[in-house]
């Protein structure tokens, strides 16, 4: 297949396979955009993949002062984990990375992007106040004001959680590494404009996609996906690296629902195909063994084929 | 006490108390400074305090192409944890946040900042290669080259570890929040020029310093340090907030040794005192119950008093 | 007057006086947001005030790939000057700072923010192609494709111009410098979300507002506005610095029309008043001698008083 | 020729031709690195080439608090122009972009990078003080303190000027645009670590190198250098684009002397050749008609060939 607007880039006739995750979406506000951003960055770090990180997390989008409960600029972050682990991760990341950060306040932002909020996680940071804390109302929200060294911390203590989608993805293949990498950057930029999704890997990009398990080292839960390694194209059978492709990047997307993933995939792929040197777009799946969600590239891109 | 060069700012006659931690210091290189930085930021996230995070971590400093084994730009990061947890944290943070990041390579950088490296942590990422990996030499270092989707990942697999110092600190007190915050930013900027130290909190700054335990909520391991809360100045006995102070920020410093902490404290305090509206500099200690290291402000600042 | 939502901050009962300027608004696209941004920054530099710069210029806002003619990310910039000088400034800034920048294309973006475009400036960069250039269509726009070292430059050659408003302004006064400065930053952040306006000074902020002429040095066209200098409060008659104010910053706004200035003033002032330590908001005027536009603070803020 | 450390990249046996320019090098300090940076960026904008800009300018390097006269962080900028125009450009850029910027002070920084300072430019901003200004000493420098709205501006009023070198350059040629562009970025990063030089074009990179005059349009002073345009490779005689090259970027370097240019060229070229997809390095000259300085690539890179 070929995008109408990007002649010369082939779209593989395949699908991305994804699986359920639980998602919370706090909004962090601060005195300026920059301070909100710094706190958000700390809170979503070490969170690329639940294979080895305690959660998957990222910055969803900027929230303008007109849209935050306290009228200050903010960033919505998303934290994704199993239902069992999500509460602990929201508590720890807010307690250690936001309560400690200069001028921040925290509000629940899930209902801005989903129609229904099925669960509420209690996040009782007010005990940190050791009895000096007090309940208050800010912008229609019930919050706790906790005396701290810089003055006061303001925070909601119930955060919505929803069963969302993890592992939405596509592959960008280029005639060399820098073409594919710049296209991956363009894709991540475009996806950052879509609400309700994150790209949790470093800079939003995966350089080393993996397969489940390992053929040689049985103790490994995941190992390099040799079928997509350009340097192994002539060494492995059934390589999936097309001729002329020298580098492959994967964009992994977690979202609050299937629609947000679909939009993010479409926006990301369109942006990537505009970068000179991109040859081929594909997606990762495991024949249905990984999860129940299928995103066919030809459906996602229907309007552009 | 008063700094010669900053009339009007009082230096408290007290000391910072600190405790031992184990430290590793990987250097992450990439095709450009920006890609090295993005990977480093992901790897040191969710790592402000071992109270609730799996490690304390931060970016130490930029390493120029002339000083890295592969001649590319890099960032040295520091990961700090108990001896028992350090290896796991280095493995997971490199595996999930650096191996996955575009164009990165990793080298051990501890010997650049300490005279002796007492321990070596094995970090065997090469099993990810599933047998396609190979040993190689880069800039005099033995590395593994692992085929991945973007091409090849290059990494050393032994990382030095040293018993360093965690919890070096000082307090910046201002006539209002923005004066104290800008001074904290200036302090963090200045400390970023000192090698062998990190300021692990968000943006390098702590807005909500804590005391051990809680008076009211016995299940809390830490709670707000009411003696340093400006809004509680008239409500608690023995408040340590000087008259006219409306905000207090703490800078927490982890370092590879006592000297690096001392230098970082001196540079940070000098920078903070240059910001208009700063009134008072102090430091946090627990009477010796927390750890064996004492940094008297009058010693640290001897040259400037 | 006092904002409903910001108790303790006084709004002066005065007005901002502004004057006409001519405005062009090119959109610069590039392969990624970052490359578009770098080009835009170069093109709008050395352009704070037409007192000493050849133009006033700034970045208006980000333009998403869905809204640009070539489907790539972009930034809209605004260039403001007298009708006589505007064409030359648009030509030189595009020729020297955008045509030379990596991967850029340029499109006219004025009609995105004004209902009518009264003038069109011819900007014939295609002569640079020395005969190798060719006409083409991109996203419904007629452009020239010019062969250059990196490949091809794409650009429109007619740019709309409109008689807009220069010198919209307000003053932020704080109990100290860092409070006022952080509030100025918050104001600039908020204004950056308003389309059709720029804040042309460094970082969007004026630290040294001026009066017309000089009392002592007759050869000076402008000099310090001593009535607003906090350090001269007790030395000059008729100081306009309220008691307790130690620093004043001015936000200067150029816009495509009066409405955009009004919105920007309201958004900026609201944001500023949320920063602790801000005491007083005023605005600059010269009793009608400077220009025909008057923005009464009480009108601009009518909804919030 | 081939760099020892970069097999597969050919170094052309040619030279860069450069010409004299006059250079000033002010140091801008501020309350934090970020505010110093914002002011510096404004001051060096619209300054890529004296063909169409009033000067060539850029940020040379960060200056740490230990090295600035006022003990605050700073950035050294360089402003380059003809001897006749330099004074006016230094005056206007400091008056409009630094005196107006929050918390800035300015000091002369030329003697930090040259052994002898042959000329001093008077830059009498103190008249802005309208008689309220006063002389003072800061860090051993005689400065003027001018009352302004934010408080006080501090500035030296004599700036050294030296006859330096403009137009040092090299060409980076890649198998596609993104490879060449990323290499150009890596080169600019590396050059930013060299003191006494700037790369004045947007992001430090030239996408559209020019030749003197035009063959077709006699009124043009400069036009596209068709010999280096990849899309014209088969259309012009004597194309200098090697086979397999799809994009060419030029790095233009202005420096305080020949040595600084030489170092910058070596550092930049080495960095560029480490980027995958780079094929060929060359340099621009006009057979000696442009200027008296010749930088042979084989001399500049002698240690690495």
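All chains are identified by letter, namely A, B, C and D, in their written order; residue positions are counted from 1 within each chain.
Assume contacts are C-beta pairs under 8 Å (C-beta built on N, C-alpha and C of every residue); 3 or more make two chains touch, one makes a residue touch a chain.
Going by UniProt, the chains are A, B, C, D = Formylmethanofuran--tetrahydromethanopterin formyltransferase.
Please read all numbers here as calculations on a predicted model, not as lab measurements.
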*Which chains, if any, touch subunit C and subunit D both?*
A, B
*State the chain with the largest centre-to-centre distance from subunit D, centres being mean CA positions.*
A
*Pair sharing more residue contacts (C-beta pairs) when A-D is set against A-C*: A-C
*Centre to centre, by mean C-alpha position, how many angstrom separate subunit A and subunit D?*
39
*asked:* Suppose each chain is reduced to the average of its Cα coordinates; what separation in Å results between subunit A and subunit C?
replied: 34
*Shared-contact residues (touching 2 or more other chains) in subunit B*: 31, 151, 177-178, 181-182, 275-276
*subunit B - residues contacting subunit C, complex*: 174-179, 181-183, 275-277
*Quick one: in the complex, what on subunit D touches subunit B?*
5, 31-34, 64-65, 70-73, 151, 182, 185-186, 189-190, 193, 267, 270-271, 274-276
*If you look only at subunit D, which of its residues touch subunit C in the complex?*
31, 35, 38-39, 41-49, 51-54, 92-93, 95-104, 127-132, 146-153, 171, 177-178, 180-181, 184, 201-203, 205-210, 214-217, 219-220, 222-226, 228-232, 235, 246-250
